[in-house]
Every structure is written in C-alpha cells, then in structure tokens.
Amino acid sequence: MLTRIADVLARIDRRIIYLLISISVIIPTLVIFPLPVQVSPETQKLYDRVEAIPDSSMILLTFDYYPSTLAETEPMSVAVLKQCWRKNLKVVTLSTVGLGGPSIADRVMSTLADKFGKVYGIDYVNLGYKANYQAVLLGLGKSIRSIYPTDYYDTPLDSLPMMKNVDTYDAFDFIFIVSDNGIVDNWVGLVNAQFGSEMGAGVTAVMAPKFYAYVRSNQLVGLLGGMKGAAEYEYLVGEKGAATAGMGAQSLVHLTIIIFILIGNFAYFAGRKKK
Amino acid sequence: MHSFFGKQLPVAVAFFSGVLMIITFFSGDQTVADFSQEQLVWVTIVGGFSLLLGVASITRVSLSDVRKRRKGWPYKAVLLIFLVASSLGAIIEGTERGTLYDWLFQNMNAPMMSTMFSLLAFYIASAAYRAFRARTVEATILLITATIVMLGRVPLGELIYGKLPEITDWIMNYPNLSVQRGIIIGAALGAASMSLRIILGIERTYLGRQ
Amino acid sequence: MNHDIVLFLEMTLAGFLTLCIFSFLYKDNPFYRLAEHIFAGLSAGYYVGLIWHSVIMQQLWVPITQNGQYSLILPGLLGVLMFTRLVDRLSFLSRVSIAFVVGNTAGISIIQQLHGFVLPQLGDTMSRFGQEFWGPLIILIGVVSTLIYFYFSKEHKGALGITAKVGTVFIMVSFGAHFGYTVMGRVSLLIGRVQFLFVDWVHSFNKIIN
C-alpha cells in the first residue's frame, strides 16, 4: 500500500505542480490577508541611515535593474523615493543597465514626481545610461560631466539648477543602489573603496546572500533582499505597496514548494525501501 | 601588417591601457589623472559600440533567413519589423516618456521580459520536487537550511515558529556570510591574476582566433 | 480617446503578450514564438535607440560638432572598427578596439579585486575579535575552510582533508540558504505577473465599465 502511494507520489506530472503553484499565487493575490512584517536588522540599518541624511541634501539613487526583476526591485525604488522626497532630498539617478534601466527610471521618477509635486532639474535629475559600467563608476569619481555631458533628455548638466555645483561623488550624502546584478560589487569595490562614498543596496533575493559579507565589513550600510526586503522597507516608510501585497502569495508558494519537497523525499525513501 | 594590427598592436594597447589605470590609482599626479579620465571616457564610448555588434549580428542572420525563406522566416520578419520600429522611433522621436520607443518598451518589452523570468518559478518548484533529496548528510544539511530560510523569510514562517526569522538571520550572517566571503576572496584573487595575465599579454583569448 | 480606454488597451496588449509567454508552460507554440521574436526585435531595437542617444549623440556628435572636442573622433573610430568583426577578412582590425576596452577593464579590475575586496574582507575577518568572540570565530573557520575546499592544487588528505570537510558543511549551509533565496526571488517575479494580470489589468477594465 505504502509503496503504491510512493509510486504515485513519485510521478506527479509537472503540469499539476504548475497548476498548484499558480493557485498558491492567485488566491492570496485576490484575497489579501494581513500578515506581520518582521523587519530584518539589515533593512532597519539602511532605513535609519537614509532617515539620518539632513533634509534637502543630495542622494544618488541607481536603477541598475532589468525589467525582468521589476516585481522585486521597483517596489524598493518607489519606497526609497517616497522616503527621500518626504525629507525633501534632492535625487540624482542613473542606470548602468542597458536594457530598460533608464526607461524604468524615467517612468518611476516622473510618476512619483507628479504625486509629490517635484520639479525636474530642481528636485531630481535622471542622468540615464552610459556603457561599460566599471569605467563609468570610476570616471564619475573625478568628473560626472566628462562621463555625462548631458542628462537622459539631452540637457547639458549646467542647465539644470540642481547640478550646478555637482561634479563628483562628494556631492552625495549617500548612494542607494537598487540592482538585480553584480554591479553592486563594482559600487562597493570601486566607489566605496576608492572614494569612500557611503552606500546601501536593495537587491534581488538571488543576489542577496553574497552581499551580507559587504554589510558586515561596513562596505554597505544595509541591505534589502528581494520582495521581502522591499516589503520591510515599505513597512518602515509607512506606505504599503506591491511588495507588501505580495507577501501572502510568497508565504503560500513557499509552503507549497516545501510540501512538494517533502512529498518527493517521502516517495524516494518509501520507494527505496521496496527495492 | 596583418600581424602588427592583429597581434602586436592589440597586446601593446591592452598593456598601456591597463597599466595606466594601475598607475592612476597609486599616483596623485594631476596630469596622469586627467589622462586616465580621458581614457575612461573613451572606453565608455567604445563599449557602447560593442553593444551594437550583437544587434548587427542578429539583423544579418534574420535578414538572410527572410531573404532565403528559411524555416520560421515570418517570425524573423516580425523580429526585424519591431527592431526597426523601436530603433527608428528612437532616432526620429527620442527616448523619453510619450515616445513610440518608450511606449514599445513599457507596454511590450518589459511585460514580456518579466514574464519570461517568472516562468522560472514553475521550473524551480518542479526541480525541487524531483531533485531535492536527502540522499547524503551534505544534501540533508542543504535541504534543512533551504527549508528554514524559505520559511524564515516569509511572514507565514513567523506565525509557524516565532524564532524562525532570528534563526534565518543567524544563518545568513554567520555560516552563509563566511562562505560568501571565502568565495569573494578566492574569486577576487583569481580575477586579479587573470587581469595581470591580460595586461602582460600572456592571456590573449579575448582577441579571438589568431 | 478617453485616457482610461487607452490605458485598458495598453494593459490588454501587455496582458496578451504575458499570456503568450506563459503558454510555453504547456508546450512550445506559435503564440509563444511570436512573442519571443517580438521581444528579441524590441530588445535589439532598444539598444540601438539607447546607444544612438546616450553614446553617439551625447558623447560624440554634440561634443565634437558643438564643443570642438575633436580628440573624441579617435574613440569613435575605435568604436566603428568593432564592426569589422562581422567581416571575416577584416576582423583583425577590431582587435585594437577590443584590446583597449579589455586592457582598461583589467587594469581597473586588478585594483578593485585586491583593494576593494580581498583587503577589506580579510581585514574584517581578522579585526572583530576585540568586540566579540564566537561570531568572528565561526566566520574565520568558515572563510578558511571554504578557501581550502576550493584549493585543488594539493590532495585533500590529513589536516587539509579535515578542514575541507568542515568547509563542505559550511558550503552546504550557505548553498541551502542561497537556494531558499533563489526560490524566493523566482516566486516574487511570478507574483509580479499575477498582480499585473489579476489586479492591474482587471482594475483597468473595471475603470472603463464604471
């Protein structure tokens, strides 16, 4: 009897798995139920550091991500921007990612700017993209203008009131990186190491485990990991967004996958006993 | 002539452009810094062109498929139409919000790319069920840690057992961190020695066939 | 046209393309392949538009023609030489451009790896014992045993073998955590698409019928 059950459980069709995963995502998305959000120390540190920036100072916020990971990264950018603009920080943004980065920055910044009544060139600037990120990051340390003669919209930097006296990393009180790839390594290994700029990062869950090493060595002030990290930041900023809404589904799918792992192991060991 | 442009000159160029970056780091001299800044600007420009190389290649292959009516050519024609629409849109109209280029990206490209990567959720679930077995002690450790982290990083885990987030924080900050650090140090040493080989001209595979 | 209707139509287009990609979960089909080729075409076109504005116009054309920075003609030429890679007979000419970028990157990398990663990471591993004991000890053991596990120049026997074995345990814990995080990331991407289909798209439809 047991072995027959094991046999059946060992051969579940992949489409059944796909269906159950879909259901586990769809139901909590439609029926949102409140779940507690426990803030991790790395998120708290990052939030506190940004809170500590004097009002009206300048921050560099990067959009170093592809559209493939928008679900994890965009809520981070949105939450940080809300925090920044609530403190009236001036935000300069750029992207080292070719496919989509500057367009995503353009959309997110201008949509939120309308809500907060922020004016381009006075409250925020989008520098856009330049190729070969290592050269870009190093070059910005000496002269932003030589790498970016104009912003994303072809406006010379000197024509933007906010950028008048800005030409190196020294102008920024903090660098907030939002990324889905290894560019964080270059921000840390080049910009933090050579120019001493303080920085923190919001990254996708896949990237997060590596960057704990940089947090401990104080090369990064703090770290947001994946949609959960974004939900924690939304909680701290006090504005629930897409990441918080996703936590129910995240919980249920994890549980479903764990159940499948247990089923797979049960089937394997029960089947082995028979042999 | 061929050997000079194809071999000696590239190796010399790699040597000088690499050494300049190293000298700049150690030297406080303004002339060196200015010269190296100029080089960095140049590299961002040349690097930009290299991204177009892939586009040129895909265009050439697709055009040839369409012209010779190879299998699946209508798809290649669709590819070319959208390539041209997006490129010409940008060149004529610009790239900011409200342009065709941005519209194509936000409403077509971004949703498709997001969806392609979301397919991985299904595959990883299926793979976990099929391959994640507690066959050995090592595999069991891997499986238990993965389960703790999967539960410890979602709100539901906290409801199941209040200490799970703390345990997960500990795993991430000690055993995980130490391994990641070991890998960072090892990989960095490897990358540094590879860079040195490139600068000294010992490693030349990046030049392609000799 | 009414703004809400435009938004709904845009969402419907994005929704249709999303479903085309999801259809691959059942099996490969013409809808998927159509979406795949539109995606490839748009991505290639995106790069053309981006490089046209960010590099060719902003970094070359305007500085050369309006500011008289004629020295930039040289990186422009190096960039154009990249395309000789597409012509077999002339491809050797692209090597100088490639060597320039690769050499520069190697020079930056050597400093970055040693000064940016190896020293700070090693330093932090050694310097924390004054503040606490167990945490830094666990990390030190983890870092050393991981490095030894990946050290293949000598057979893992005796003390080296035991250390490598300890390394295996640490590595399994870290990889387990990494797997947990990878699942988390992939699932998040799926949640993003489901939120789009079942919340945003439906919401845009509700808006036009109300």
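Quick notes on this structure:
Going by the order they are written in, the chains are A, B and C; count residues from 1 in each one.
Everything below uses one rule, namely that contacts are C-beta pairs under 8 Å (C-beta built on N, C-alpha and C of every residue); 3 or more make two chains touch, one makes a residue touch a chain.
What you are looking at is a predicted structure, and each value in this text was computed from that prediction instead of being measured.
Judged by the touch criterion defined above, the protein chains are all mutually in contact, each touching every other.
More C-beta pairs touch across the B-C interface than across any other pair of chains.
Distance from per-chain Cα centroids to the pooled protein Cα centroid is smallest for C.
Per-chain CA centroids place chain A at a distance of 16 Å from chain B.
Between chain A and chain C, the centres computed from C-alpha atoms are 13 Å apart. Mean C-alpha positions place chain B and chain C at a centre distance of 4 Å.
For chain A, residues touching at least two other chains, in rising order: 18, 21, 68-71, 98-100, 102, 130-132, 135, 138, 152, 154, 194, 209, 213, 216, 225-226, 228, 250, 253-254, 257. Touching of two or more other chains is recorded for residues 25, 43, 46-47, 50-51, 53-55, 59, 101, 104-105, 108-109, 111, 113, 115, 117, 121, 139, 174, 177-178, 181-184, 186-187, 189-190, 192-193 of chain C. Counting partners per residue, chain B has 21, 25, 38, 40-41, 43-48, 50-51, 94-95, 105, 109, 111, 113-114, 116-118, 121-122, 124-125, 128, 143, 147, 150, 153-154, 172-173, 176-177, 180-181, 183-184 as the residues that reach two or more other chains.
Interface of chain C with chain A (complex): residues 25-26, 43, 46-47, 50-51, 53-55, 57-59, 62-63, 101, 104-105, 108-109, 111-113, 115-117, 120-121, 123-124, 139, 174, 177-178, 181-195, 198-199.
Taken in their complex, chain A has these residues touching chain B: 12, 14, 17-18, 21, 35-38, 40-41, 66-71, 98-100, 102-104, 106-107, 110, 130-132, 135-136, 138-139, 142-143, 146-147, 152-154, 194, 209-210, 212-213, 216, 225-226, 228, 247-248, 250-258, 260-261, 263-265, 268.
Across the interface of their complex, chain C is touched by residues 2, 5-7, 9-11, 13-22, 25, 38-60, 72, 75-76, 78-87, 89-91, 94-95, 101, 103-105, 107-109, 111-122, 124-125, 128, 138-139, 141-150, 153-154, 168, 171-186, 188-189, 191-192, 194-196, 198-199, 206-208 of chain B. Interface residues of chain B facing chain A in the complex, by the touch rule stated above, are 21, 25, 33, 37-38, 40-41, 43-48, 50-51, 94-97, 102, 105-106, 109-111, 113-114, 116-118, 121-122, 124-126, 128-130, 132-135, 143, 147, 150-151, 153-159, 165, 169, 172-173, 176-177, 180-181, 183-184. Residues 15, 18, 21-22, 25-26, 29-30, 68-72, 98-100, 102, 128-132, 134-135, 138, 148-150, 152, 154, 185-186, 188-190, 192-194, 204-206, 208-209, 213, 216-219, 225-228, 242, 245-246, 249-250, 253-254, 257 of chain A touch chain C in their complex.
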